[in-house]
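There are two complexes below, and they share chain A, which is joined by chain B in the first and by chain C in the second.
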Partner chain A sequence: MPEIQYPYLEEGTTFDASSLNTRLQTVTDGLNGLTEVSVQRGAFSDQHLSNQGLLAGEDFPASGVAGTTRYSRNISGNHSYTVKYTTWGGNGTYPLVGDTDRNLITDGVVSLEINFGASTIQLGMGNTDKIAGLLVLLNVHLLRTSLVNEEQQTDFGATQGAMTCIQYTTDNVNWFTLRKTERFQWNRTVRGEGQVAINPSQRGKMTSDDQDDVYCNQDISTRTIILPSDLPDPNLAIRGIRAATAVFGAATGSAQTIYLRESNFTVIPLHAGS
Partner chain B sequence: MSWKFPARAIKNPEVVAMDDINHNFREVVEEASGALNEHNWKTNAFPERGQLADDAGIVIHNSVVEVNPTTDPDTTPNVQFVQYDRDWQPLNGIEITFNTTGGIVWLIGSVQVSSPLSFSYFGNGGTGRFGLQCALEFNGAILAQSIIGGADLSNDQITVFRPPSPPRIGFQVISTPAPSSLFLTFSTEAIIDVPPGKHTARIVVAPPRATSETVKGATLNNTDKWIGTRELIVTQLLR
Partner chain C sequence: MPNINLPNFPYVDGATPNGEQLTEQLYDPTAVNGSYETMNGGLDSVNADVAWTKIQQNQIQEETFTSAKATAGTANLDYFPEQWFGNIAVGLTPTNGTPAKFFQPVPGANSTFYLPWDGYVIFTWSVVWGGEQWDTNLPAYMLLFIDDQYDVANASQRFTTRSLFLPSSTGPYNHWAELKNRHWNGHFTKYLTKGWHTAGLNLLTNGQAKTPNVPSNYVQNPSDLGIPAQPSTAGGVPLLNRPKNRQIRVFVRSFKHIAFRGIE
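And now, the complex of A and B:
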């Protein structure tokens, strides 16, 4: 605990300008050496700090889309994807070729992307943006998967699911995956639950449309913090960050599709120590 | 220093008293020794965040283990298999120990899980051990608000009814306390108030407890359920 040393004037001794000046000097020195424990919890309010407070979001673009905020994007409608996952961490080669085995999550109106345009950001408190890291919260609702023929129709055993991940870009063209953010949800087919294929005669009398589609209704959730150490260069100038998805699975057959519904992508830039 | 004037006014032509001087000094000294509050700062005193120390308001810690989801888990580095007949099991490689002056801490866990049905449902039947539970552990104590699945492992058990005839007609799950799938994700969070000192946070998982119906007729395989990529984040919210 920081203490300002103040020797009390004692009864029976005389005090003069010198003794008072000495005591004033100890108080002055103490005030010039305050530490963090000199301050009560809650001493700093938004009236004292910059407009962005401790959310280091000056460079984050505001959103004009209803239901979204400066830091988050929300999707509510049904949307589908056919791009297939091939490689752990993405099939691109940094820095020239971005990943092509996954696509941006979008319903055509709102995309799960926060783009800084020409105003790039650099992570790390040593850089001028003073952003220690990006705290990311991603939730994606996997509605169903679809596979038109082969496995799904012969034995109700298609192994199919969805992958979600977080990507960044430096040029708005090539997007690269942060490998630690890949998450997977398998659909609830017989093989998708880890079983051997069921006897076709036991699966009921489904028509073709019924047996092609399998509903999952499962939330795929990701929580992560993106730090400079997660990037190929800790001082990388990032132009955008987004959520991406792909069909995941070993199923064979044509027109493999995943359908996503409600999704939320929140990115909180933190002014923080470590 | 929430006051504006010295507590004891010293005026001419009064005699300057030693007690008054001591008292006025003491007010300043005590306030500046840990009691400065929101009234002591000017409006917009810190117009730019660059004027604040890195850890002025938030301190973050994180720990990550990555696992390749495309290769055989038996031979994939960092895969952690979950043991059937144990209670909460900490996830390897992501424990965080940190020191704090006390205050609010936001704990976040994010985990990739593989927890398929037991193989023997369609064979011998009645041996399944559905799903996996997950929680945050802080200084050795499970945080109840972070538990995914049933909160009481001694009470929330799998209960399975399997029609005896005809053979292999199917099964009916009456109760299961945990999420289940060959691939699924967990995210769990808790915000807690912690005292000053050294603390340890972990993510833990547990399979549901067995019942008399779920264990007979099969040998459980302790490589059935496994943990993939996982991350633990500790965010200290200091001011």
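And now, the complex of A and C:
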């Protein structure tokens, strides 16, 4: 920080323009010379700085749905999916064909997707959006699975499950999977006493035969940061981020289906580093 | 920073500045960057020199852009629904409208905090719970409350259901904790205004439903190891008038929030 010197004008001493100029110029130069390294530790608070802070969400559209925000989407209703997972990382071919083996998580009203439309974003502090990365959180409640005609899964082995992942698009047509965000959960269930295979006269007979535990009810969570290095081209102009899901596993059946319920999705764009 | 450019300056030998001209150099709030008055709040981002592009982390006070808090607990917490939730009869699909007084806040998973500005708050938590539950249709819910309110549209509720099963025609009931306990690492994001707030996880379950008050095979003592399993008529031990949700145990849990200052 500059040290400003302003010697007193002494009583009885004649001063001229030059002596005033020297003093005032010293003060002016000292103030103008305040640089970023001149500011002392802890000098700034929220009273001095932008109310946007670390968030870099200028291109994030406001959400008009109650309970959601510019950075988050939530689904509470039951919804089903039949698209089957085929390949780790997706079955598409970047950049021409997107991954078709997974679906957007949606209940038809709210989708776990944040779309920037024409206002694309580029990751990396070197780009104009100044987004170092995206903090992404995803929770998905796997309710149950089914194999045929929407019947509950009757094979109580863990032969079927759900996978979730985070995807991005550059054209709103083809969606590509961020491999490190893929998760899955088996549909783990327990057979109850109502099954024919168990003698109903034996101990533990329940009042009805619906007491099999055919619901999985497990939560699949994802916590990650999407950085430029996670993209095939770190300067990609991204038009949307979304959460997707697919049927996972080698179970057989004509209509493999997974049922998801409560789901939460958050994408926070952060300034950071240089 | 800044770019102070004084008027009437520099002085020239032979010219005589008047008092106003001299005073304007020292203090003139009407002239942007035109006097030393710039120091009175003018050393800000608007007035920053173009060469000043960064503010260092250590130049920013704590809680300027972010704020956070965490709480946790490890001791097991046992809830006996007949006593704790005797007025509650809830089903598989949660609905809004149950009075907050019927819920039980979970110690170690609740927080009261002051938000120093308007911003986005990400709540995250980890909780494990389960219990002696005998019915697939009578769950034990864990719900997120914010400022004493819950909303199922927030999708911040999960549940456990039946945990005790007889996996074969003989032998004791098994408590399938490894499958039926819930491990929930949840999150929810909400825009909150400056001020005091409360948030955390609350427990709710059906404390009314019971097994019949007559001998039956409906629920058997899980510690009865009679093999082959026997109905009560053959020496089994039916549990009469027993709560279908007899005990809910909350295991290790934690609750955190991190807030980012921002505009809605």
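Basically, the second predicted complex is superposed on the first by the 190 of 274 C-alpha atoms of A that agree within 3 Å, B and C clash if a C-alpha of one lies under 4 Å from a C-alpha of the other, contacts with A are read in each partner's own complex, and residues count from 1 in each chain.
By definition in this document, a contact is a pair of C-beta atoms (placed from the backbone, for glycine too) under 8 Å apart; a residue touches a chain by one contact, two chains touch by 3 or more.
The structure displayed is predicted, hence computed values, not measured ones.
Contacts of A:104 after superposition: neither chain B nor chain C is touched.
In the superposed model, A:263 lies in contact with chain C only, and not with chain B. In the superposed pair of complexes, A:76 makes contact with chain C only, with no contact to chain B. After overlaying the two complexes on the shared chain, residue contacts for A:46 are found with chain C alone; chain B is out of touch.
When the two complexes are overlaid on their common chain A, residue A:27 makes contact with chain B and with chain C alike. Using the contact criterion defined above for the overlaid structures, shared-chain residue A:130 touches chain B, although it does not reach chain C.
In the superposition on chain A, contact is made by A:57 with chain C only, not with chain B.
Contacts of A:237 after superposition on the shared chain: neither chain B nor chain C is touched. Of the two partner chains, chain B is the only one that A:15 touches; chain C does not reach it. On chain A, the surface touched by chain B in one complex and the surface touched by chain C in the other have residues 20, 27, 31, 34, 36, 38-45, 48-50, 52-54, 139, 188, 192-193, 198, 218-219, 221, 223, 274 in common.
Across the interface of their complex, chain A is touched by residues 18, 21-22, 25-26, 28-29, 32-38, 40-50, 52-62, 64, 66, 68-70, 101, 103, 108-110, 112, 116-117, 119, 121-122, 180-187, 189, 228-229, 231, 233, 235, 239 of chain B.
Per the touch definition, chain A reaches chain C in the complex via residues 16-18, 20-21, 24-25, 27-28, 31-32, 34-36, 38-46, 48-55, 57, 62, 66-67, 69-72, 74-76, 137, 139, 141, 188-193, 197-199, 201-207, 210-213, 215, 217-219, 221, 223, 261-264, 266, 268, 274.
In the complex of the two chains, the chain C residues touching chain A come out as 1-4, 6, 9-13, 15, 25, 36, 38-39, 43-45, 49, 51-56, 58-61, 63-66, 116-120, 122, 124, 135-136, 151-162, 165-170, 173, 176, 179-180, 182-191, 217-218, 220, 224, 226, 228-231, 236, 260-264.
On chain A, the positions that touch chain B within their shared complex are 1-4, 6, 8-11, 15, 20, 23, 27, 30-31, 34, 36-45, 47-50, 52-54, 56, 87-88, 125, 128, 130, 132-133, 135, 139, 159, 161, 179-180, 182-186, 188, 192-196, 198, 218-225, 227, 248, 270-274.
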